[in-house]
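Two complexes follow with chain A in common, the first pairing it with chain B and the second with chain C.
Up next, the complex of A and B:
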């Protein structure tokens, strides 16, 4: 099933097979299945982690691959969450159609904002993503008749998935539901980053001048990935609504935008699995440390981030890579 | 015969400073044409105007007779205009093969494919690798570009441009920054390029220019001073004044 490529294989062979699944890539899925049985009392936290991985994956596509630096990504998470909530309250409590509607709404907002924001670069782009998030946040705050304003959307009641699986109080359904959605998103994201389109995003990140000079329609590619990323972020937001049956203004908070960037850097950007590791480490640490001291835990996260950024630019997975290379040289 | 590339009355100002001053220029199909001139003469600006990195204040640019003055950079590339940069513009964190693959894949119109893995286009990978073999880069195909010596990086720069199958190739100082021991490899490569590519080469190294070019245009302060065969240029008193004169006086 697995072809282990070695540096001795012909270069063409190595390139043609570079997308083949490596055994290590199954590790997160073993962990996700294992955690279901090993920690039945932590399944709510588990589904929160899983949907955060979906959110982090969406960010990795634009930040890690295309090199778009954003501090406003929770705008799309929030649009997805609110859309799912409003859809459940007023149209149907059926979750799967809710996911689709949320993805479409977030994608539309992503497309519209991307067309404007992606005309700029660097600091201007960063400030525009932030400004856009504040705009959406204020709209949600003022439009209380549909969003519930500062009180949030209450009384959401989700139907069974496929008419079969009720969202139970132990969070079993929520966990499996989130895991399956994450799996589908991961399959799609993985195909995307190994496609010529995904490679061209890496090219844009590595050298945008050269991309123009080889005939790449750079802005169009960026708008497309920004829209896709917004859709996936919207799916993550909808998962939050479906699994907690509540939407508050904090889905559109600046903290959420900042934290997801921190998680991704912590895990390692531009490699898909950084999203898994970063979200899990961050949220488990938050859960454990907050038990000891609900305020001071941010200190430890801050310290960890300083160490990672100064000594391990590739994040936790970058460290793992270095360790593996070191071991191989030793053996 | 329609020129492969033509500029008519091309003008560009940076503020009050004219950097391209009414440039009328023709590049014949299959040409080996050199553009020389002192520093700041506007040679790179001229290239940037042709490729669309800069837009002119006035004038027309034609590629094989078609007006491309208002087209985007990407659209010009699609019509057969390729270039290399004076300072390397490479994907430093990617392998040499991937660098060339990027260009071949865009040329084939595959760059936007989302639902197939890149490896499924085996023909594209093989073409990119064959190009590396031609430029004697096959042994470093899987090395990251940033790990290569500068001379080899300059070759990758040329390989990417060739991957586009250009009909017109603009080479902006291909041997710039390369120690003279390695520059002969680059010269060999440039000399052996297919004859149907019309080539415009900017170069400071006069030995290289006189060895390669069959026609030379001298640019001074954004305007064409003189154009002619290498022998004519070498004998021209105005060129001697601009170029060699400085040395004689100094």
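Up next, the complex of A and C:
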């Protein structure tokens, strides 16, 4: 288990106050605004990172808070990306309505699959998340008349946001657009995890028998959070479509599912900001290292996972916490 | 007549596929049942078996049978080291840790294998004896697949007899049923785990080598077929030895049938069937809920 009440955990008073905004929580936003001015030539990578944070946040809700282990989360990312692409091609190139439609489509798929797979647990649940992903991948592959099959969706042209801001070639609009969407998703996710509903999810993760015993409708709660998470993943997928104006089958790949889990673990799960740290560190490292030697990139990722599991189960932010506690004891 | 002939052909090819699936997956089922360990990297052992077998045959001229045996023993020995050094530390850990750890192992294996053997699938040159067709009296069957089915059935029989009739088998069954009770009776479960793990990995290696002509040996092997191995185990029921056999036959035959009869939607049917089946029996066909 990643989370267990221990002497190192904060006292109850702190837990009761934990929904209050701490100054440190502004740090990621300072970084995001700062990066816009500091690295103008890296803005397209920046918007990819931001939308990946949205995706990782959606995973954190189910994996980190509710404890649902999934290897098929890119199914919802992909449904969102394809829906946004098809909507832009055939109905309207207006981005905001595209986001909404993509979220709804992904949420619908999430609800349908959640109703089915959340009846199981353990290895079976894991296998079913994979089976669903492959199923949807296969549909996208075979339904070429609407998805473009292996060629993907090409020729997507986005309109201006609010009829004002055109997607420019420097990626400025894409960056700001992704950042604003991320901000809204973060606000919502933060509200959610500190609500009684969010707390009950943590309860389900920690001790499902007890939650049943006190009358929590466990499966219904899980299906709800699974659906919400699917919608947010769909929004992340739609952001990819809007910012790159292309959708390929790789949005539904197993690699994408695996990588997003790795990013979240790397940052630290069940703490919202793990998604920020993990996605940023992983993608910047990938941008720097993977181009030189893509084969060994995977070796290092694998080794990193093994090391995290063996020695640093809280990820980067867990290590930071440990370091802070250690310092506090010393001072 | 055409229909009958097609049906026979489907069942035959399906069975050959099923045998390979079963031999590879049975170890995973036992690891799950015995140690409660979600070893997603199980396919890595099968892949290693496939690479060792093909390399021994192609580059060193070792005969097929010896190459298989050598590969299985090597992989089993390596798996003992891995089990003692790494896996055993995570037996009590949560499912997420086990999943992450084994995915990490898969990633590393993909990189190492690509580094040594390159990205292309391995060539499997069958010995002269196993090529062509074998006439069984009423019709001819591909020799390799007939051999595959025969060898696998013999292996499975030996495995089942071993589990049912030997002292070791009785200890394994006791530990799956009730580990604490088995321990209190003086069974050394730690050693049992190691031996069972090695046996399962060795079998997987054997399956990988035997089936190298069916499931192409390539760096992404462990990811590509993971969902098949998991389906066999989940449908069969965790911890069961026979459940996965029934599951593998069902899966192998129906997968072959649908891919042959309705290639446009072949892959869907199998996923939907598995999802439906697990809705009906979440613990699998032979699992205890």
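Just so we're on the same page, the second predicted complex is superposed on the first by the 312 of 331 C-alpha atoms of A that agree within 3 Å, B and C clash if a C-alpha of one lies under 4 Å from a C-alpha of the other, contacts with A are read in each partner's own complex, and residues count from 1 in each chain.
In this section, contacts are C-beta pairs under 8 Å (C-beta built on N, C-alpha and C of every residue); 3 or more make two chains touch, one makes a residue touch a chain.
Everything quoted here is computed from the prediction, not taken from an experiment.
K.L.:
Please indicate which partner A:119 is in contact with in the superposed arrangement: first for chain B, second for chain C, both, or neither.
P.N.:
In the superposed model, A:119 contacts chain C only, not chain B.
K.L.:
Can A:313 be said to touch chain B (first), chain C (second), both, or neither?
P.N.:
After superposing on A, A:313 lies in contact with chain C but is clear of chain B.
K.L.:
Mind working out whether A:151 is in touch with chain B, chain C, both or neither, as first, second, both or neither?
P.N.:
Neither chain B nor chain C is touched by A:151.
K.L.:
Applying the document's definition of touching, compare chain B and chain C: which contacts more of chain A?
P.N.:
Higher number of touched chain A residues: C.
K.L.:
Taking the superposition on A as described, I'd like to know which of chain B and chain C A:131 touches: first, second, both or neither.
P.N.:
In the superposed model, A:131 contacts chain C only, not chain B.
K.L.:
So in the superposed three-chain picture, is A:160 touching just chain B, just chain C, both, or none of them (first/second/both/neither)?
P.N.:
Neither partner.
K.L.:
For chain B, which residues are in contact with chain A within the complex?
P.N.:
51, 53, 72-75, 77-78, 82-83, 85, 89-94, 97-98, 101-103, 105-107, 110-122, 125-126, 129, 138, 141-142, 160, 163-164
K.L.:
Where on chain C is chain A touching in the complex?
P.N.:
Residues 32, 38, 86, 89-90, 93-97, 99-101, 103-112, 114-115, 223, 226-227, 230-231, 233-234, 238, 264-265, 267-268, 271-272, 274-275, 278-279, 282-284.
K.L.:
Given the complex with chain C, which residues does chain A contribute to the contact?
P.N.:
Residue positions touching the partner: 1-2, 63, 67, 69, 71, 116-117, 119-120, 122-124, 126-128, 130-132, 134-135, 138-139, 142, 254, 258, 261-262, 265, 295-299, 301-306, 308-310, 313.
K.L.:
With touch defined as at the start, can you tell me which chain A residues reach chain B in the complex?
P.N.:
Interface residues on the chain A side: 7, 11-12, 14-19, 191-192, 194-200, 202-203, 206-207, 209-218, 221.
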